[in-house]
Amino acid sequence: MSEFSLYLLQQLINGLTIGSTYALIAIGYTMVYGIIGMINFAHGEIYMIGSYVTFIVIAGLLGMGMVSLPIILIIALVVAIFIASTYGWTVERVAYRPLRGSNRLIPLISAIGMSIFLQNFVVLAQGSRDVALPPQITGGWSFGDPSNFEVSVSYMQMMIFAATFVTMTVLTLFISRSRMGRACRACSEDLGMTNLLGIDTNKIIALTFIIGAALAAVAGLLLGLYYGVVNPFIGFIAGLKAFTAAVLGGIGSIPGAVLGGLLLGVTEAMTAAFFPAEYKDVVAFSLLVLILLVRPSGLLGKPEVEKV
Amino acid sequence: MQKVGVLAAIDDINAAGGINGMQLEGVIYDDACDPKQAVAVANKIVNDGITHVVGHLCSSSTEPAADIYEEEGVLMITAASTSPTITDKGYQMIFRTIGLDSLQGPFAAQYVINSVKPQRMAIIHDKQQYGEGLATAVKTEVEKAGIKPVMFEGVTPGDKDFSALIAKLKKNDVDFVYYGGYHPELGLILRQSAEKGLKAKFMGPEGVGNPDISKIAGEASEGLLVTLPQSFDNDPANKARVEAIKAKGEDPTGPFVFPAYSAVQVMTDAMTATGTTDAEKLAEYIRANTFNTTTGELDFDEKGDLTQFSFVVYDWHADGTKTPAAQ
Amino acid sequence: MTQSKFYNAIFAAGITFILACLMIGVKLNTEGTTLTVEGATAAQWGWIIGGITVVFFSQLFSNQIDSAFGKLPKPAVSQLVPQSLKSEAMKPWLLAGVIVIMLIWPFMASRGAVDLATLTLIYIMLGLGLNIVVGLAGLLDLGFVAFYAVGAYTYALLSLYFGLSFWICLPLSAALAALFGFLLGFPVLRLRGDYLAIVTLGFGEIIRILLNNWTAVTGGPNGISGIAKPTLFGLEFTRKAKTEGAETFHAFFDISYSSSYKVIFLYLIAVVLVIFLIYLINRLIRMPIGRAWEALREDEIACRSLGLNRTAIKLSAFTIGASTAGFAGCFFAARQGFISPESFIFIESAIILAIVVLGGMGSQVGVILAAIVMTILPELAREFAEYRMLLFGLLMVVMMRWRPEGLLPMKRPQLELNKQ
């Protein structure tokens, strides 16, 4: 292959990696939106907390002298999911449930407040500086001509792809096959009616927040390991990008969130590849505006039906 | 960090009997590095009748605040803001006890030209006042010597993923990168470069010379070149002061601690010599004279900048330590 | 006291423990280049246990607490004003009184206080502008700060490159911000609610990034410094005249120079601008277009079936709101003397939105009140600087639960029959 196509391939892989992580976080946004029609502004902070928990558990276990990496990672994953889900549940309980049924803007403001609160809570509890974890999973696979241009895919990147793919499949199966999933879909169709049919909608909404938070924790673990750095402010940027991805793909649709995430990641990587890297965010947001102009409800979103 | 240095200096001077029998008092204001707050703080300082200020920290806060101090005849010495534009407007009341970006950039460039001699050089910056200023200074200087950087590009501060940038560096066969900015971004760039097999040498300004960079980059930070001001806390002459600061439970190693200390010294020396606290007279005196301080002999030019400020190029090591680099 | 109450409390306490145990109870630390963890100090554990206890008992006695709170009268701010002052006849007098006090007090207050009041007035302008978009027209705009930036940069650049004065730039800034609002609004206003929110958020980021990257014109991250201060009919408020042939205020009136004149002058300009804006917006609300904004917010479909042009109405609200922000931005640049993209980040948009919502959407007096609260509170909370943002976030959540309609909800003009 020519140098150019190898370079293009490398940037595509980079874009897909970052896109996968956007997708993981975007699913959380899209699920909450799909069911209660609200933006969970604090979702990015949950991801950040997931990252912190991962770091704490890994550092703690390594400090205790545990050496088996897979076991450490599994424990970290379980703990991160557990803690992040608790945070997700609490956010719903404190900032959303008491406000259900009020003007659309009210929970949004309350969620922005929650997001500011959580971010500063972590600043106070853990400090505002970058915390770094030495690389745990190293190595990778490379091909191409070393003298020309070598494409490299690290094991970490492959792990991110795999995790995104598995998570999305499991989630899609859960939503389409399980009893709870059916209840979720019913809620997103008509909350009031579902309630009348004897389904505890409060429970379903709480469950949605928990699932979203668990996915954010998975993203927190993967990205924490990939970049090796965490600080209290990563949640805002990641949340913004993921939310853009969710809207891009059509908010409310899970495949849409994944598609949106991948598209956004690849766009960013390609912009950085051929233009000055500082413009990648501008291009990302412009893409969003353009797509919404052509398809106002996103790539895979259902057109909204106005009800009188 | 400025606070630590200033308070230490005030304690020392008061313990030695004050100036002409007067005791100094330090009042702390916090502008949170927010330009809007900085203006509010500056107005409050003027309002509170304070006429001598050591600060501010961030260049973007110092700049609007300096405007007010100049207007109101308040003597200001910053020990941390390194942006050249601050003193560009012909202020009378504004000084600084720290080297400018415009000094550090050419210094780094000289080292690149004489010692590194790169084949394909890239200059990356973080698009902030500090980083971009330095990067531009380095670029102008190396171009004069006939080295044409193959890339000159910004990254977004706070970004975590630099894989696209690194692929680009690899494609351009870059063998030397100058980075203008701070340690969190460069740390990640180093770490990801190592993972992606980019074999280039990196160099950065004092903003990257923070032990944290080794925590982020690990082994990848070995061999990084850093320009730093002479570390004043290692100066044997400052040993007693370092101990005193440590005894108070503060950290004396920050790059702004001793410049802040010497800022207070400059002010108080001028007060002792002129026998007045009148800010305008002090400003004239400071401009005209040379001061012997903890950061060495300080001499100010017309603009209020130091006429010289020495930097040293260090080799950074993976354990967060540094040794002077071979010339 | 039922048993379920007790289990509930235990559950809540358990949740609090899970939330706190790792994030507060364990601290990440780096030794050399390895990451380590250390347990919290006894004092921190004390705090955690204290927190858990508080949660436990507040859940256990939640009924009692709720009923106690229920007995507390909700402070209806409008009722704090005595009835006699509310009559229509008194209104002009009351207004005149407020205006006179606003004009006189800076001559007695300290410089810092006047400066803070000026900052508050800037937020009032922004709040009033966003109030049109969010409060009246019901369009959720999360990138309002973009128009603020456009206004500020318009003045800064025109004054830097063409030497135009503040007074000429003020309408220009508003016009340019309005143009940006129009250009953005035209395509995106057919998006519904939350899509609009994210697009405006993205737009705010785009403007900020462009200002940051376009170094040749905007100075990039260095910003623009030395922006000229406003003059009074050509009289400068500096110690010495800056431009050739100009005269200074104190020389013209032959009074001794005082630095606080400039601060007071800026404050007075802000007061005049705010009064002008309030007057203008009040007129607009009473005009058909203002009625149409509210009607559209309440029921879009009904409006359309009544033959109202949805796009035109939304666009007018968006454009007028944007021009108000441009106004505020121009003044901000003049007050600050230095602007950089750092002043126009997302959190500013969030604060302005919080002002509108806290004040009570659509209510102008509420917005003014909220702007005062939001700028003065952080000043008062300076001692708890570390906890300032934490409390800010908490306040937003608590306010939404306690008074979702805002401090001073908007009241529609209404007639009541006199009951004899």
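As written, the chains take the letters A, B and C, and residue 1 is the first residue of each chain.
We adopt the following convention: a residue touches a chain if its C-beta (ideal position, glycine included) is under 8 Å from a C-beta of that chain, and two chains touch if they have at least 3 such contacts.
All values derive from a computational prediction rather than experimental measurement.
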Please give the pair of chains with the highest number of C-beta contact pairs. A-C
State the chain with the largest centre-to-centre distance from subunit A, centres being mean CA positions. B
In angstrom, rounded to a whole number, how far apart do the mean CA points of subunit B and subunit C lie? 34
With centres defined as the mean C-alpha position, give me the subunit A-subunit C separation in Å. 30
Subunit C, residues touching no fewer than two other chains: 30, 33, 35, 212-213
Residue list for subunit A, restricted to those that touch at least two other chains: 131-132, 134, 276, 278, 281
Touching at least 2 other chains, the residues of subunit B are 127, 154, 212, 215, 218
Subunit C residues within the subunit B interface of the complex: 30, 32-33, 35, 110-113, 115-116, 119, 212-213, 215, 220-223, 225-226, 238-239, 259, 262-263, 335-340, 342-343, 382, 385
Residues of subunit B touching subunit A in their complex? 127, 153-156, 158-161, 163-165, 167-168, 170-171, 184, 187-188, 191-192, 195-197, 212, 215-216, 218
Counting only contacts in the complex, subunit A reaches subunit B at residues 3, 7, 10-11, 14-15, 17-18, 129-132, 134-135, 138, 140, 142, 149-150, 152, 154, 156, 223, 227-229, 231, 233-234, 237, 268-269, 272-273, 276-278, 280-281
Could you list, by residue number, the parts of subunit A that touch subunit C in their complex? 33, 37, 39, 49, 52-53, 55-60, 62-63, 79, 82-83, 86-87, 89-90, 94-95, 98-99, 102-110, 112-127, 131-134, 236, 240, 243-244, 247, 251, 276, 278-279, 281-282, 285-286, 288-289, 292-293, 296-298, 304, 306, 308
Write out the stretch or stretches of subunit C touching subunit A in their complex. 15, 18-19, 22-24, 26-28, 30, 33-37, 134, 140, 187-188, 190-195, 197-199, 201-203, 205-206, 209-210, 212-213, 300-301, 346, 350, 353-354, 357, 361, 386-387, 389-390, 392-397, 399-401, 404
